Amino acid sequence: MSTMRDYKTDQEVRWCPGCGDYAILAAMQSFMPELGIERERTVFVSGIGCAARFPYYMNTYGMHSIHGRAPAIATGLASSRPDLSVWVVTGDGDALSIGGNHLIHALRRNVNLKILLFNNRIYGLTKGQYSPTSEIGKVTKSTPMGSLDWPFNPLSLVIGAEATFVARAIDTDKSGMTDVLRAAAAHKGSAFVEIFQNCPIFNDDAFAFVRDDKEGVNRIILRDGEPIRWGADLEKGLRQRRDGSIDVCAADDQDVLVHDARHPTPSLAFALSRVTQETHGGTPVGMFRNVERPVYDELMAEQIATATEKLGAGDLEALLHSGETWTIA
Amino acid sequence: MGKPVEQLSQVIVRFAGDSGDGMQLTGSQFTSETALLGNDISTLPDFPAEIRAPAGSLPGVSGFQLHFADHDILTPGDAPNVLVAMNPAALKTNIKDLPKGGTLIVNSDAFNERNLQKAGYAESPLADGSLDEYQVHEVPLTTLTVGALKGIEGVTPREAERSKNMFALGLMSWLYGRPTDATEAFLTSKFAKRPEIAEANLKALRAGYAFGETTETFAITYEVKPAKLAPGTYRNITGNQALSYGLIAASKLAGLPLFLGAYPITPASSILEELASYKQFGVRTFQAEDEIAAAGAALGASFGGALGVTTSAGPGIVLKAETIGLAMQLELPLVICDIQRAGPSTGMPTKPEQGDLLMVLFGRNSESPVPVVAAMSPSDCFHAAIEACRIALKYRTPVYLLSDAYLANGSEPWLLPDVASLPDISVTFATQPNDGDAFLPYLRDDETLARPWAVPGTPGLEHRIGGLEKADRTGNVSYDPDNHDLMTRLRAQKVAGIEVPELEVDDPDGDASVLVLGWGGTYGPIAAACRRVRNNGRKVAHAHLRHLNPFPRNTGEVVRRYDKVLIPEMNLGQLLKLIRAEFLVDAVGYNRVRGLPLRAAEVAEAIEALVDQ
Amino acid sequence: MSTMRDYKTDQEVRWCPGCGDYAILAAMQSFMPELGIERERTVFVSGIGCAARFPYYMNTYGMHSIHGRAPAIATGLASSRPDLSVWVVTGDGDALSIGGNHLIHALRRNVNLKILLFNNRIYGLTKGQYSPTSEIGKVTKSTPMGSLDWPFNPLSLVIGAEATFVARAIDTDKSGMTDVLRAAAAHKGSAFVEIFQNCPIFNDDAFAFVRDDKEGVNRIILRDGEPIRWGADLEKGLRQRRDGSIDVCAADDQDVLVHDARHPTPSLAFALSRVTQETHGGTPVGMFRNVERPVYDELMAEQIATATEKLGAGDLEALLHSGETWTIA
Amino acid sequence: MGKPVEQLSQVIVRFAGDSGDGMQLTGSQFTSETALLGNDISTLPDFPAEIRAPAGSLPGVSGFQLHFADHDILTPGDAPNVLVAMNPAALKTNIKDLPKGGTLIVNSDAFNERNLQKAGYAESPLADGSLDEYQVHEVPLTTLTVGALKGIEGVTPREAERSKNMFALGLMSWLYGRPTDATEAFLTSKFAKRPEIAEANLKALRAGYAFGETTETFAITYEVKPAKLAPGTYRNITGNQALSYGLIAASKLAGLPLFLGAYPITPASSILEELASYKQFGVRTFQAEDEIAAAGAALGASFGGALGVTTSAGPGIVLKAETIGLAMQLELPLVICDIQRAGPSTGMPTKPEQGDLLMVLFGRNSESPVPVVAAMSPSDCFHAAIEACRIALKYRTPVYLLSDAYLANGSEPWLLPDVASLPDISVTFATQPNDGDAFLPYLRDDETLARPWAVPGTPGLEHRIGGLEKADRTGNVSYDPDNHDLMTRLRAQKVAGIEVPELEVDDPDGDASVLVLGWGGTYGPIAAACRRVRNNGRKVAHAHLRHLNPFPRNTGEVVRRYDKVLIPEMNLGQLLKLIRAEFLVDAVGYNRVRGLPLRAAEVAEAIEALVDQ
């Protein structure tokens, strides 16, 4: 039975003091043993960025690849090696800027990957340019007068991209994150987890509203099958209006939404992804969506099995001689 | 009452018609009949750009050229002896290739107002005497076919009319004494689900054959005796098919599952399509969202212990460069097949070119050496694919395999190899620590300089690799200046040290003064050109490179041995640059960038000019 | 005043007989004059594919670029030339496969582009491989045993990507398409229009259910502000359930949805995008979403104006001499 | 009572400390003070890889080297004379570069248990005699600084401590007689919002200065007289800043708005950041979703009549290749700036290399010729940028501009050009039909072979262009074989025919037998090396290429003029390959791939070895 220590590597961890990545790493290293998957069957694949250094610190197999391409590389690995537990660690720039296309395609295919997006709403490694999740008007090195780009809402995007598992966690909330990681690991197919991560150097306190939310007034914790109640004394609730949008109501409102992460249609999960601190004064965390759908690598293996059953294991000699042949004596 | 038979040693036939006229099918059936007769053959299909142009239009013309002979031949031939033109557009676009005196068979029914105008003929060429220098046979193919099919239940007039290509095939089969059984069998099985269509095609085929026999139109028939080819079992094969088989063979020989990551692109798509149908070989084909993902997925599969392969053409290969640079840095096997097409940019997607040589050698940031293998003929694609995989697996490196649109779609008879004779390219994964009880992922093999390949799932060898510069032996991230210099040189040495067969020179009397040096897909035309030159009583040596990086050890010695070196290429002189830089010989180029295979006759002229200089 | 004929070029149109692209081209050529924008200020940019040949047939400025990159190229053109009317013509492979990332980023930025996606659910130009919109299990040249990939729903994807204008039209429905094109042209910012397009050669009748829907039993026509009623005699309606999903109801059901394309939150539009022929027996067409948001090129121009106002038009001499200088006699 | 002053002709100082110690600021302030004194200077910052390593760790060390002299100098110097080490890690990583007898100033306060251990010192090097061969000055910088700042309102102890770099600066300023007014002004404005911090820094600065003056630690001070530089106004400038200014200047000179499409990447990001702050020049900066979009957007802007530019480094440049191939085919202007960094793959992002030359020349599918310009020094980036834009606009072609991480971050005094003296590179758009009343987008200018540039908005010139091969003159899609061959050659001719200045040779007596040929960023070290060689009484000629495609007309003549040609490069011999292939001269390479600028001393040795051979 392995322990947290087994998952540490001999490499000196090189993030800035106070970086949220430390907390995520610690949570992951302490969670891994309970998974009960051998270290050698676990692989971490990342792109480029601060977040992407993650694999160097996990004593499993790992690849620190190139910017934005981790989901594609991991797709090849996972779909040819269904026996492995493959994790992708990526940042908001890596996953949503240069890597956006690979991300949405991996999700729609439902490849057996666990994708962790460390969202710090900034480009950390390149020292502080705005990212696709930076709020519009953000002043950064590359936008002295403020950014012009309307940001992505990562959860809305991936739900629109047919993701089967969608969740959100907070770097410093170890237990919440562990719950989400556990569910993600248990999910068959692609799991997408956005982790709010603080970058004290280039975008400090971007998520203070939930990270420092000791009383839990800002966290709306989603529990499947339970009514959505929140606030210091759970005095608030969420309900859906006739127009499809969601608003805040009293906890005892008869229309209070009962969270259903397993609903076949993603419309509710989508509506919940639009609930934000700015618009609703609260931020949902936890599991938004978790549905079953055929898994890419399993389908691939099935076709091979079926073909082999129907035609017998491939015979090279026979292959070469297939079609019309003629013989010269 | 058989008609007189004339003996010929070789014939070049071209079928040309509208995309809808089924010329490719006609051509390939005539090819099989011919192959079965034991002639040597070489074919060249020539389709229009990808999408279908309007019926009867010039861009809509589709052609198929077949060269068959009683001796071994090397190319589909420069110009046809016989042209079958199914409509005015086909005549317009092909007649210029038919030498004076050549035989021309036209479907006179198709020469109506509308078609003539679509083809840009003011007046019918059949009427204005512009075809006087040819032996023209006007045959009302449509009428004859429709007539022949009268009364077949459930066949629409349109369907009847569409069988005219079989009528033409029947006619040609008779003219050159090809038995039609193979085609009949083919048609019967192809239309098994619609027997009436099968019947229609068979009837058309036989009617065409009978038409030749009975009518006065053709006075004599021709015979081309079987060629004396090496004994063995043959099949006709295209380059992309051979390449696909080669990859499957390599996976078997290596004992690793084949994973293909690909994104469709002309003229590489058919490899993806071919391999997708061989799942019983454990082949995984992944149609990715783009070329970057295709290469990435293949690399991911290689990391997991598969034989990772990715296929594309120039515009897609260029997108894979960053990923290939990573594979080179990770020192993992990966085979990248570039089916070259005419460029630059989107260029002319269906046409061949040799424009990507320098790109695959140098098209990555910084010093990033990658081996390159180039196939020499359609059937050689099989062996070239195995060779590319051998190098990738043995040396843990990405390898480019170059083919082109001509090899990809062209076909030739292939003497089937004995499977037992194929090389053993099996690999052994690392399973144990290699430095005391530690595992050093960059501890190299003394002989090959390859690093150990430890795949996920192997207990105790967990390790991390990446694109940052890494320390020698440990593979840890390193910014040490001397280590970087060392690693840069080690990567270069590894590739430079790859063992490849010596360069063979075809110099019959060993005393030629001119060497013709080619590479890849131009083997046929260059070899044919050298034959001509020799038949004309001159001497010439021919060497052909299959390995472009590294070059065979004796390449320098070979090019220095001759007074003059001529390098014919379907580009502006890319191998030429390399040879001059490497060996400081004043080689000269013969370059044609026409989106067509080199013409043997023209290459021969260039050689003779140099010999006579 | 220009006419339809003015928009035709001397190039022979090269699509297969019966291709849906012909109808779209005709509709576009006849719609353009009414726009009242000079031909020389209109630009069509496309990627690669059958659809992408479109610019050759429009007598305006045009670029037939490279596969998947049209939205990026058009972004540079539109944001540096706000005086132009820039249209992007793309296919389901061009826009959603290789070009997916550029598409979603152009939409979130709300660049002033009109993006027309000709969706034939197949790769036409390369002769019939499946595309990201092909139904799972589709047998094509590259998937002899059926495709494994769960398809994108183009509208769900772009709504998740923060698109401000989202609509759907049918190649053969000239009036419906013209309405949509008109609204798209009037919209400030990015407009995304999916056009169901038939590929008789490689994927015939993919949209027969609405194309051949003479009685209109399958088309659910969305009219902003009106209750959503459909069916041969408009006997059916759509309503939203408590769980956010949408189901079919009687036309007179009290809960019948009143379509609101201008609602600030995209949740309703998203829910409507999940209404499909397979799931609901009907297919919504028309305008799903149409909201105002700052336009990228305008914001860019504003910053330049503001900077110039504050600092005066840039002076090269002064620039070079900015910072510390010293003089040697 | 001033201390004795010793005259020096040049000094090389290196500040080294933790990323958090503000060494870059200290270095650049010392640089300005020095520049203002009229010395010639050359600097080389050396940061750790992008992200901050833990405080006190070896990878966290940040350095800044300044070379200043009373004569003109060419490089930041191979090795420092004076090393200021703020902590053990800084000492550990830098001491090996300090020659025996060199001056070492250490912050003794930082040599505590924890720091020593973090730096991997078993014992304190200050105690174990390992520094005996150096002139060591132990200064308790932290204590002294904190002491000096006692009692400033609102300054936390941490903030006080963080001012120690200013103490060090003050001390060095005194030691080399640099006036501190500039720095004081700088600090006051920098911390205008927090006067107490400004005060703290000023106090620390003055305390450091006073410390030198009053204590016994330093017996003498040094003076380096102003250099005799060409008269005029100077400023200190880094390569990326100069490049940014060059682009703005080019846009002014061309009369076209500047559009930059970029995606952040080290070491190119600062160009995007710099240009983003000059909107009053009408500059549009677009931070794209990736490098492909960045290049695409720039091309789209060019199509619209802007000066389209895209910037990146190797791993990003390689992704732009397909788009650049399109730009080449469309024959539209586009400037691609490649700030080269050590590779392959992700490599060593902050380190310089010349590894991308062959990639930019050949890294696109098929025959795709693109001009290449390479900057020779930080300030030359300004002129090189204008030259790249000139070529792109005049010939309607993409152009690569090569710089590297050393030029990008290194700085030197720049004699400011007279704006009036800058070239006129204005362009005229097509506004009228050019063939009767038709407009042919590919009807070329006889002299430049450039095609007309008609921008959207121009009535009557509506036209469509694309990546498929196009017919000569009309630009319509064409699959004609001869047209393709013609267009391929025309595109090559256009680039080959670009007018570039002749290659100048620095051969004082004109009778050297060895030519050293360099390109781009190695100008400084190579020129310095040649000086040394000459000072040692040997003869050598130096020529440096700024244009890599096409080469200056006289390049062949120059390289053939000398018995031996040495080509030093920060790669494995890329220019070497080109020169050998092009001119068949047996040039030899001097290659170092260490992620560092070439060392003048080492290059000099290589030259002398060749001269003496």
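We just call them A, B, C and D in the order they show up, numbering each chain from 1.
As a working rule, a contact is a pair of C-beta atoms (placed from the backbone, for glycine too) under 8 Å apart; a residue touches a chain by one contact, two chains touch by 3 or more.
Quantities reported herein were computed from a predicted structural model and do not represent experimental measurements.
Looking at which of B-C and C-D shares more C-beta pairs in contact, the answer is the pair C-D.
Subunit A and subunit D, compared by their mean Cα positions, are separated by 39 Å. Our note on geometry: subunit C versus subunit D, Cα centroid distance of 44 Å, whole angstroms. Averaging C-alpha coordinates per chain places the centre of subunit A 28 Å away from that of subunit C.
Shown for subunit D are the residues in touch with two or more other chains, namely 59, 279, 289-290, 315, 322, 326, 345-346, 466-468. Shown for subunit A are the residues that touch two or more other chains, namely 48, 66, 97-98, 100-101, 105, 132, 145, 149, 300, 303, 306-307.
A complete topology is adopted by the chain contact network, contact being made between every pair of chains.
If you check the complex, the residues on subunit A that touch subunit D are 12-17, 48, 50, 53, 66-68, 97-98, 100, 123-127, 129-130, 132, 141-145, 147, 149, 201. Against subunit C, the residues of subunit D that register as touching in their complex are 32, 35-36, 38, 182, 226, 229-236, 245, 248-249, 252, 257, 259, 261, 278-284, 286, 288-290, 292-293, 296-306, 308, 322-323, 326, 330, 416-417, 419, 456-468, 476-477.
Subunit C makes touch with subunit D in their complex at residues 9, 11, 38-45, 48, 55-56, 58-66, 69, 72-81, 83-84, 101-102, 105, 300, 303-304, 306-308, 310-314, 316-317, 319-321, 323-329. Across the complex, subunit B is touched by residues 48-49, 59, 313-315, 317-319, 321-322, 325-326, 328-329, 340, 342-348, 351, 353, 355-356, 358-359, 361-368, 466-469, 479, 481-482, 484-485, 488-489, 491-492, 571-572, 577-578, 580-582, 584, 586, 592-596 of subunit D. Of all residues in subunit D, only 50-55, 57, 59, 263-266, 269, 272-273, 276-277, 279, 285, 287, 289-291, 315, 345-346 touch subunit A in the complex they form.
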